[in-house]
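Each of the next two complexes has chain A plus one more chain, namely chain B in the first and chain C in the second.
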Partner chain A sequence: MSSILIAVIVLAALALLFGALLGFAAVRFKVDGNPIVDQINDLLPQTQCGQCGYPGCKPYAEAIADGDKINKCPPGGESTIDALADLLGVEPEPLDAEHGAEKAVPTVAYIREDECIGCTKCIQACPVDAILGAAKQMHTVITDECTGCDLCVEPCPVDCIDMIPVATDRSNWYWEAPTAGVELIATDRRPATAGGHA
Partner chain B sequence: MTEYLLILVSTILVNNFVLVQFLGLCPFMGVSNKLETAIGMGAATTFVLTLASVCSYLLYTYLLVPFDLTYLKTISFIVVIAVVVGFTELAIRKTSPLLYRVLGIFLPLITTNCAVLGVALLNIKRENTFVESILYGFGAAVGFSLVMVLFAAMRERIAVADVPVPFQGSAIAMITAGLMALAFLGFTGLVSI
Partner chain C sequence: MTHLIQLHEFDGGIHPPENKHQSTGRAIRTAPLPDELVLPLHQHIGAPSRPVVSAGDSVLKGQVIAEPHGFVSAPLHAPTSGVVAAIEDRQVPHASGMSELCIVITPDGKDEWQPHQSLCAELGVDDCDDISAADLVRRIRECGIAGMGGAGFPTSVKLSVGDNRIDTLILNGAECEPYITADDMLMRERARDIVRGAQILLQITAAERCLIGVEDNKPEAIAALEDALLALHEEHHIDVVTIPTKYPSGGEKQLIQILTGREVPSGGIPAHIGIVCQNVGTAAAIADAVDIGRPLISRITTVTGDAVSDKGNWDVLLGTPVSHLLAVSGYQPQKRERVIMGGPMMGFALPTTALPVVKTTNCLLAPTEKELPTNKPSMACIRCGLCAQACPAELLPQQLYWFSKAEEFDKAEQHNIFDCIECGACSYVCPSEIPLVQYYRFAKGAIREEQAAQEKAEQARERFEARIARQEREQAEKEAKRKARAAAAEAAQKAKKAAPAAATDAPAKTAATSSPELEKLQKQLDGAQAALTKTKEKLEAAKADPAMAEKVPVFEAALTKTQDKIKTLAKDIAAAKKAAKAAPAAADDKGDPNSPERLKKKWEMAQGRLDTAIKRLEQAEAEGSDKVEALRDGLEKQKVRVEEARQAWEAATIGQPAANAAAQGTPEPANDDLKRKILAQKDRVDKARERLSMAQAEGLDTVEALTTALSKQQDKLKQLEQQADAAGEV
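Up next is the complex of A and B:
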């Protein structure tokens, strides 16, 4: 048998063996992510606003799984706290005022463009990159992306950002949610006819 | 026995992989900003290098030599080292989360780093026996860790020192590394094998 053939066969066998070994290891040593973190994350409103003090909803979910308080999520509000308490088997607590208050209606940021000086401070504050603009250029909010988390209001040096309630139109009108026996998180709870949906 | 000791001293100090043979320079410059990460990297490298010299020796002696395929050593070493390290990483992750947290993120980084491949190839070139190969790999890794820790500790101090503007950042790190290499040259002639 020619030597090149032997080389090919030996290396192919080696590669096959190693592939099988790694494949086996991947199945045998599979690490299940902490399933409770995903369940908690599903209950959080996914506004990624950081009002809880963590850089997003997933990190907060991990912190809750590690034993943090469940009452630090203003966008989720009371219903999220109830759902979390139910999932984790702990007593529901009132929303921690330190992290902000729950909003009655969903809002969206609006920049009064005449007054904007183009300082980019609100762009840096926005956790979901919903503000468009450049230095010394007027900024504006991409309403579809805005989660209404209020984080851009504070840094604005000229106070030209308003949080306005979301107007109802065809894009965000929903049938009324079922009421009996269903617990909804705050962002899904809507005033009588309609409201925003993330 | 003295022979084994000589191998260790030789690889750790005299023929230091980083400063004398200039292997594994990327982690040396890249992961030496903080002492803590340097220690983690050193531990992971020790682990990988020892493992790499064992499995590359076995592969070479029992597979490549009998089939007369020694010209394929580079590629087969890369494969075997990558697989063994990958396998160990998976196993550690499952069995010991603590160890995984210490070594985990560094393991894939150094899988087939030039120092790792260098140890495997130098073992063949020096015709080391099995035990010698293990010691050679282990010694090289200890030398690497030693230099990493020393260098990281120096960089931490340099970070707060008043460095002239043209020398700030990587430049002063390079100069420091060069001076360290000069210092390690002083070990030449300590032992010879």
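Up next is the complex of A and C:
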């Protein structure tokens, strides 16, 4: 009889001990926020363009974590969809055309400065504060910071903003992938693979 | 002094046909001056230099024409005297075939040097051994020296080794790539300069020894260097080391391994293992720079290949067009023109021969089709593994090939693709003739691009988050301001109600005590406001930092508490102010609000405002501001007010004696009235006069009208005066 009692007491004590331990760990090592959101956010291109329908990449990452589709990011394109599918263990889907098409080449905004009237509308639209200027002063784009999201083009009342392709210079040029030698006949050649530059 | 050096071996390597004898038959010749020199601003690794001359400027030989931009950069000098014809985009000798900014110089044929002197003379020291390393490195930087072996890394940057202690200096005279003999000929003919360069480099790096590594297929060069060392006649620690001929023993990491047995760690630089490695050509250029003050304006270039009849080495000015050099070497254009800059292993085919020779051009190879057949179509990889045996960097070229081809860049990176030195040994041995190196170059570029994109995305994310935070902060500030305003208004409302009671209660007492009380309250309010901002900051920080999240409610509670306190304080202050205001008013009530003193004050105040208005107007006129009109209007109005105030005062002062007189029992109401009228009229006359003078000064066309107005006013005044006189007589 006493052995049963001892067993019960010991088990109860152990249960209390581990319960306390787990409770302490749950408080002490509590993870704030959803870690998967950060992982998803790291895969998104951070253009903050809002083409997915959310006001920025982080909100879209949160939406994906809550079960939204992963094919709503045109700037990221196929590679981002593949990476997200990989991370979340879901099937990659083709890009949802409703949200726009993937750009062939990266672009940056360019303000035709003599046409700018200094309305600051583009400054307010820029999600990464990459436009410099003040009211009634000419504005200009800090190209290094521009993500090419197109958000400044629409609000401009005088249409003085162009999206121009990022120029290739020696700093970002690199060798093209060799074409397989058997495709020497012009009609056999496939279009150049992604990433190659002339 | 020859020490016994234990040689080591690196894995892999190949033995391609050397083809060096063709170009070593003749001594180095000086290339004739071309009609035009084209100097790209980006001849080195790092940031392009910035031009300091403009088109049309005359330049002397050795004059700086472009200055370095940033630390990893190098200046550029005029290779000969002449005129800057243009600074424009020209195609540059780069694998991309791109156009970049170049300075174009038309030589005047005089080849006139700008004054230059040795570093000893410049610093005024007797013994050149006394010069500090910093001075030497500065001179090397000023002379625009960049690695002449082919990479073009700025030498001064390479010599800035930081905290790494250097024990061995290595001069690279291996020149392992087929066809190239520029270093060989340099060592044969200018061994003394190379040894002198070695001494300077030893002085800079404070290394214990210097090893000059030369492949055993250059016996003449080795003999020349040995002679130069013998001729030193002093103790030295420089050794010429003969190493076996094998490609790519001239690779920096490979040569270090052969000579010292040490391996440069992956992603590291030789300085990390106590070694500095320089090309022999760089050493000779350093000797020239320090001892003569001659900047890097020319280099030795091999012109070889069966398509040129007169093969050999040329001392050629930087910027000389390749076509010019080929022309003087007897070049016969082939059916498929192909000129390679660099050697057959690592060089690249030039898109056109109009490109200039730059600091890194060690060889121009113009082969015939028979001599160096163009690449045949590549075949499938048969997994023979020859490439892995040939790789001097101990990589797995086959795996890298698959990963690069399939664009599995992360795997390529895991297989250390960035340790590939692009020597081309794998492509050379490949039986399927796969252009392996091109795959690796593509993969490296794509990975770098990806990394850059990643970095940019990270930056964009930070900026986006900063923007959101800023917007939230602004919103909160606005809200707080709005609340504060509402609270103040409420307080004022309450104070209004409370004030009459307080004033009737004890006006004198309040007047006496109000100001110290007010000050006290004000102080309290200031303190509370400071506390509020502090709490707000803390709250922001707590919100931003997840670790402090639990403290957010505490801070928020504190915030509301402080805000409440401020509100009550604001109320108190408003009440106190009201009371204080009410008190003097009550005290003054006895006096007449229209007493002459008060009126005078009013007038003076108005006059003060007028003065400031005039000043402002002057300022605005001086600045040509568009506010001038508005200010002028304001000024006119202010003048009117001043006049009114003055009249009121004058009337009061006159009225007072009159009143006194009335009190004494001699009332003269009519007279009094007249006097007032006269005064007013006088004012009007004055005003009219003022306006007239202003109009005259500005040359307005209203002058005539104003003149008549003035005379009319003057007439009226006379009439009034006459009336007054008449009344006085009565």
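Things worth noting here:
Keep this in mind: the second predicted complex is superposed on the first by the 139 of 198 C-alpha atoms of A that agree within 3 Å, B and C clash if a C-alpha of one lies under 4 Å from a C-alpha of the other, contacts with A are read in each partner's own complex, and residues count from 1 in each chain.
What we mean here is this: contacts are C-beta pairs under 8 Å (C-beta built on N, C-alpha and C of every residue); 3 or more make two chains touch, one makes a residue touch a chain.
Since this is a predicted model, take the numbers as computed values, not measurements.
In the superposition on chain A, contact of A:67 is made with neither chain B nor chain C. Residue contacts after overlaying the shared chain place A:10 against chain B, while chain C stays out of touching range.
By the touch criterion defined above, A:94 lies against neither chain B nor chain C after alignment on the C-alpha atoms of chain A. Once the two complexes are laid over each other on the shared chain, residue contacts for A:169 go to chain C alone; chain B is not touched.
In the superposition on chain A, contact is made by A:57 with chain C only, not with chain B. Between chain B and chain C, C touches the greater number of residues of chain A. Of the two partner chains placed by superposition, only chain B is touched by A:21; chain C is not. Look at A:157: by the touch rule set out above, it reaches neither chain B nor chain C. Shared-chain residue A:35: touches no atom of chain B or chain C. On chain A, the positions that touch chain C within their shared complex are 32-33, 41, 44-48, 56-58, 127-130, 145, 147, 168-170, 172-178, 180-182, 184, 193-197. By the touch criterion stated above, chain A contacts chain B in their complex at residues 3, 6-7, 10-11, 14-15, 18, 21-22, 25-26, 28-31. Contact residues on chain B toward chain A in their complex (touch as defined above): 63, 67-69, 72, 75-76, 79-80, 83, 86-87, 90-91, 93-95.
On chain C, the positions that touch chain A within their shared complex are 42, 94-96, 98, 100, 375-379, 404-405, 407, 433, 435, 438-439, 441-442, 444-446, 448-449, 452-453, 456-461, 463-468, 546, 549.
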